[in-house]
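Common to both upcoming complexes is chain A, partnered first by chain B, then by chain C.
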Partner chain A sequence: MTEDRNAWGRRPGWLAPAVLILPAFVVVFAIAGYSALSLFQLSTVDLTFGEPFSNAEAVGLENYQWLLTNQHSTFWATLRVTVIYLLGTLIPELLLGFAIALLLNRKMRGNSLFTAVLVIPIVLMPSMVGLIGRLYFSYDGLVNYFFEILTGIRHNWYGKDLALLAVILVDIWEWSPFFILILLAGLQTLPIEPFEAARVDGASRWQSFTLITLPLMLPLLLTTLILRFMDVLRLFDVIFVMFAGGPGTATTTLPLYVYRSTLVLRDVGRGSAASIMLIIIIVSLTVILIKVRERIKFEV
Partner chain B sequence: MKVRFVFVLLILALALTSVSAMSHDPIEDWAAGIKEAYGGTTITVAVASHPSIEAFKTMIPRFEELTGITVVLDEMEEGQLGQRMLLEVSAESASYDAMMTAIEWSPLVASSGYATPLEPWIASDITPEWFNYEDILQAYRDMFLWEDGMHYGIPFAGETVFMFYRQDLFEEHGIDVPATYDEVMSAAQYFSDNVDGVHGISYRARLGWEFTYMWSIFLAPFGGMMVDPATGDVALDSPGTVASLEYIRDLWQYGPVGVESFSFPEAWDAFMLGRAAIMIEASAAAPEVENPDKSLVAGMTGYSPLPAGPAGAFSGVWGWSFAMMEDSMQKEAAWAFIAYLTSEGLQADYLANGGIVSRASALGDAELQAANPYYEATLATLEQAAALGELGLSVVLPTPKWSQVSEIMGIEGARAFIGEISVDEAIASMQAQVSEVLAE
Partner chain C sequence: MKPTWRSLTGSRLLDVLTLFVVFAFLFPYLFMVSSAFKSRLETFAYPPVFLNFTPTLEHFDNIFSDMNILFYMKNSTIIAVCSTLLTILIAIPATYSLARYRFRYKEGVAYGFLFLQMVPGISIVFALFFIARSLDLFDTHIFLIVVYLLWNIPYAIWMMRGFVEGIPVELEESAMVDGASRFKAFRLITLPLMAGGVAATAILIFIGVWNEFSVAFFLTSTNARTMPTTIAFFMTHSGIKWGPMFATATIGTLPVVVFALLVRRYFISALTFGAVKG
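For the complex of A and B:
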C-alpha cells in the first residue's frame, strides 16, 4: 500500500486530475468535436436537404463566399438584426435584473412571493411566449391598450419599424427574471464585514455600492451575461412564432436564417456555413467574455 | 279476446324485431369484416392542426369501436409537419402508416417513394362501396396526381380562394361587388376612407409560404407566371408577374394595420371581427365566417368568384389529403382508416363537425347549398381554377422543389411588399434564385 501511494505521489501533479477528467473530455469531444467537424464538412458541399449524402458535391468555401458576398444573400442584414437583438436584450436585462435584485435584497414583506412569481416567464414554453407576444403586440392587443390610455396613440408593432422592438421587449419580459434570480443569490452570499467596515468609516450607500457591491458582484455579473449571451444567440422559437423573421427581414436573426436556409430552402451547404459562422461568433465572443471575467476576478 | 289481442301484438313485435335485426347498416357490415381481418392493429398517423382534423377526431372513436383498429394521431403545427415529412423522406424511415399531406408536398412524397400509389388500394376489396372516389372533385383529386399517372393522396379538405365581402356594407354604401381588380382597389380605398373602424381588404402576407400563397392568386390575372408553360423556363421576371406584385403592394395601404405580418388566422379574424370590408382568402375560412360563435359577420357576408385582372379571372386549388406510407407494415388498416374517414358515406358526419367540403355530391346538394352560402362561389371558383389549368399554369408548381421556390418568392416578395427592397430588385433576385434551384 505504502509503495503504491509513494509511486503515485512521485508522478507530476497534473496527472491525477487529467486522468480523472479524461473520460468526460473524450465523451464531450467525441460528441461536440465530431458534430462540429461534420457540420463544417456539410458547409463545404452542395447538397439538397432530403437527398442522400452521396449526392453531395464538394464546393470548397463557395457557400461562405455566397453568404458573404452574393447580392441575393441576406446574411449581412441578418447579422445586423442579430447584433441589435443581442444588445437590445442583454443590456436592459442585465441592468433591470441587477436593479431588481438589489431591491429584493432588502428585507421587505412579500419578497419570497415576488421571487417565486418571477420564475413564471422563464418556465413557460418558448412557443407559448411567442404566441402571448403575438397577441399582446397586435394592433388591438394589450400593449396598445395601455399605450392608448397613456399616450392616446396605438402603434403598429407588426410593422417593419417596431417588430424587432416587440420581440426584444418580449425577451426582456421573459429573461430579466433569470438575471434577477442569479444576481439575488449572489448578493445574498456577499460577506457582511466590508459593508459594516464601510459604514463605520462613514461611506455613503452609493460608495458602498460602487466600491464594494459592484466589484464583488462583477465576476457573477459576467458569468450570468455569458450564459445568457450564448442563449440569446441561439434563440429561435419566440421570434419564429411571433413574426417568422418578418416583416421583410426585420426580425430574421441568425438562428432563423440557419433554419430557413437548411430546412425550408433545403440548402444544406449554405445553412451549415451560416451555422458555422454563428458558432464562430458565439465561441469567440464567449472566449473574450471569459477572459474579461478572469481578469476582473483576479483584480478583485 | 284480450289474450288473443296481446298474443297478436307480441307476434308483431317479434316480427318487427327480426326485420330490424336482418336489415344491415352497410358501414357496420364493412367494419365487421375489417375487424375480423385487422382488429387489434395500431396505426400511427401524422396530422397538422386543421379544422378537418378536428372533425375527424369526433369520428375516430366510432371507427376504432367498429373496426378494433387503434388510431394514434401525431398532431403538430402545419410547418412542423412539413419538416417532419422532409426528415422522414431523407431518413427513409417509416414512423407513420399514413400522413396528412398538402398539395405542395405531394410531388416530393410521390417522387421519393415515401408514399405509395393509391390506385391499387382504391380498387381493393378493403375499399367500401360507400367510399365513392369519383365523387371527390377532380380538381382536388388531381392535386395529388404525379407524373407516373398515379394518385398519392385522398383529398378531404379541398381549398380554393374566393372573395368574401360584407354584403351589408356594400348595400348600405351603394357599391357594386367588384368584378375586376381595379374595382377591388377602388372599393377597398372607399371603405378605408369612409367607414370608421373598417379597412378595405384583409389577406395574409406573412413572410414565407403564406406570402406566396396569397400572391400566387394574383399572378395569372395580371398575366404573370412562375414558369412559362411553353418553354419550361422560369418566368418570374415577366411583366405580368411584376404588375401583380406592384398591385398587391399598392393594395397594402387599404389593409388592416399590421397586415404585413398577418398569418391566415389574423387575416380571417380581421374580417370576422368586422374590421375589413373585403377578404381574399381560402374557402376554408367560409365555415368560420358563417359560425356565429366565432364571427360577428355571420349571415352578413357575400361570396364571389375572384375578380378579373387585365389577363382574365383565375383562381387555384390547394388542399389536404391522406397519403399512405410505402414502408408501412399496416397498410391494410391504414387504408381502412383513410377510406372510412374520407368516404361519401361518412361525409355528412364530417361536414356537420366542421369538415371542409371536397365532394361533388355535397357541393351540388340543394339543401347544403342553402345552408352554406359559399358553395356557389366555391363551384364558380373551381371553374376559374380549371381555366388556369387550361393555360398550363397552377398556383403550386408540380415539383419536389416547390417548398424552396415558394420560400424564395415568399421572402423576396414580402421584402418588396413592405418596401425593404424595390419590386425590380425582388423580381431579379427571385428569378436568379429560383432558376438556380430548378436547374439543380
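For the complex of A and C:
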C-alpha cells in the first residue's frame, strides 16, 4: 500500500486534527444542540410564561400555523417592519460609509486619529446607546434642537410615525463607521496601476471611479453588506431599550416580536415558533447572500 | 503637476468636510460623557447645554454609593474574563487543526461554526431560560460564561485561523526537522508569533461579552447581573434617572473604548471575522 504523504511527510491522519478540534466542537454543538432541541420542543406546546413546564400542552405545529395564517397574528406586519428596518439602515449606511471612506482616503493630517474616533460608536454598550437615543430623540432633545435650527420644526419622534426612523437613525450613527473603516481599508489596498493607465488615457475622475474603483470594490462592498445584514436582522438591544417595539408595533422587528410574544403576551409556544423562523430566515438568507457573493467574486 | 488654485481650495473644502463628518460621529458620545457631569436641570434644558455648565460629580457619587455599580462591574468582569479565557483555551487547538491539517469536511466544519455563530441571542434566550431553571443555574455567573461560548468560540476560530495561516508552515517544519515534536514546534514557534493576534481576539471577545445585553438581561436577576443590564434601574416610575445613567454609561464604556483603541490595528479583521485584513 502506498502511503499518501502530505506536506509534513506523514500520513494525513484524521486523529490529530479531530482530537484538537473536538473540545470546541463538543462545547459549541452541545450548547447549540441542547438549546435548539428545547426551543423546538417549546415551539410545539401551548404554555403561558411563568407556569411550570409540566403545564405545557402539546399542540404539534399549530403555533407555526397560527403565526403564518391567523388573522390576529402580526407576524407579517413584523416582517414588513423588519424589511423597512433592514433597507432603511443598510442602504444609507452603505452609501454614507462608502462616501466617507472615499473622503478619508486622501492624504491628510490626522487620518489615523479620525479612524480611531470612528471606532467609538461601534464599541459602545448597545443598551446604553438605546437609552441615550431615547433622550436625544425626546421632544426637548438634541435631535430636535438641530432639526429646529435647520428646518424650524420639532418632531415627535416617540410617535408611531417616526419611532422606526428614530431607531434607524441611531443605527446609522452607530454602524456607518463599520462600513467606513472596512471600505477605507479596502480602498487603501487597491492597486495604483489601473488608475494611472486610466489617467494616461484621459479618463475623467468620475470615469475612473465607476470603471475601476467600483468594480474592484464590489466584492468587499458585498462582504460588508452581508456581515451587517446578519447583525441588523438579529438586532434587539437598542430597539428594546429605546421603544421596546412600540408604540403599537411601529418598531417591532422580528427579534422584538420574539420578545413580545414570549414575555409580553406570555405565549411561550408562539414566541419559540417565531424564534425558529427567525433563525431559519437569518441562516438561509445569509447562505444565499454568500453564494451570490462568491459568484460575483469570480466575475470580476 | 503643479496644484492649481482651484484644486487647492477644493481639497481644503474636503478637509473641512472630513473634519465636520468625523466630529458629527463623535459628538453624541461627547455629549453623553459631558452629560454625566451635568445637573438634572441642565440635562433637560432646552436649548441643550453644551459647554456652559458647572461640572458636578454627584451622579458618580450616586452610582457608586447608592446603586453599588461596582458589584455589577465585578460581575461583568468575572463573566467576560472567564468566558474569554475559556474561549481562547478551547479555540486555539481547534484553530490550529483547521489551519494546519487537511481533512475531509474541513470547510464544512468551519462553516458549521460560522452558522451557529449567526444564531441570534434573543431567539434562544427563552429556551436557555427554561434550561437554566431546570439545571438550577438561573442567575449564575457560570451559566452565562458557558452560554457565551456558543458565540465566542466560532468567532475566535474564524479570527485566529487567518493569523495562523499567515505564519509560514516552513518555520514549524524546520523546527521539527531539528527534532522538535509537533507540539513543541507549535509552542516555541507558532504560538509566540500568533500571540498578538490571540491577544487582539481576546480583547474583542471581552468587549463583546462586556457589552452583551439580550442574553444577560433575561438570564440574570440580582446575583449575576451585568453592567449593560443595569439600565433597568434607571427606568423608574417617576421617569428615567438620566444623570446616574450617563455616569454609568460613561464608566461602562470607558474600558471598552480604551481597549478598542489599543487593538485598532486588528479592528478591521475583527469586524469581518478575519475575512478582510486591515
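Just so we're on the same page, the second predicted complex is superposed on the first by the 246 of 300 C-alpha atoms of A that agree within 3 Å, B and C clash if a C-alpha of one lies under 4 Å from a C-alpha of the other, contacts with A are read in each partner's own complex, and residues count from 1 in each chain.
Assume a contact is a pair of C-beta atoms (placed from the backbone, for glycine too) under 8 Å apart; a residue touches a chain by one contact, two chains touch by 3 or more.
Here the structure is a predicted model, which is why all the values come from computation and not from measurement.
Greater residue coverage of chain A by touch, when chain B is weighed against chain C, goes to C. In the superposition on chain A, A:265 makes contact with chain B only, while chain C stays out of contact range. Of the two partner chains placed by the overlay, only chain B lies in contact with A:248; chain C stays clear of it. Of the two partner chains placed by superposition, A:232 touches none, neither chain B nor chain C. Using the contact criterion defined above for the overlaid structures, shared-chain residue A:48 touches chain B, although it does not reach chain C. By the document's definition of touching, of the two partners only chain B reaches A:159; chain C does not. Of the two partner chains, chain B is the only one that A:72 touches; chain C does not reach it. Across the superposed pair, chain B and chain C both touch chain A at residues 49, 263. Those residues of chain B that touch chain A in the complex are listed here as 83, 86, 89-90, 108, 112, 205-208, 256-263, 266, 401, 403-404, 407-408, 411, 414-415, 417-420, 429, 432-433, 437, 440.
Contact residues on chain A toward chain B in their complex (touch as defined above): 46, 48-52, 71-72, 74, 138-139, 154, 156-160, 163, 243-250, 260, 263-267. Chain A contributes residues 6-8, 12, 14, 16-18, 20-21, 23-25, 27-29, 31-32, 34-36, 38-39, 42, 49, 53, 100, 103-104, 106, 108, 114-128, 130-132, 134-136, 140-142, 145, 173, 176-178, 181-182, 185-186, 220, 223-224, 227, 230, 233-234, 236-237, 240-241, 255, 258-259, 262-263, 268, 271-272, 275-276, 278-279, 282-283, 286 to its touches with chain C in the complex. Against chain A, in their complex, chain C makes its touches with residues 11, 14-15, 17-18, 21-22, 25-26, 28-29, 31-32, 43-44, 46-48, 90-91, 93-94, 96-98, 101-104, 106, 109, 112-113, 115-116, 118-124, 126-128, 130-131, 134, 146-147, 149-150, 153-154, 157, 169, 173, 176, 182, 207, 210-211, 213-214, 217, 227-229, 231, 234, 240, 242, 245-246, 248-249, 252-253, 256-257, 259-261, 264, 267-268, 271-273, 275-278.
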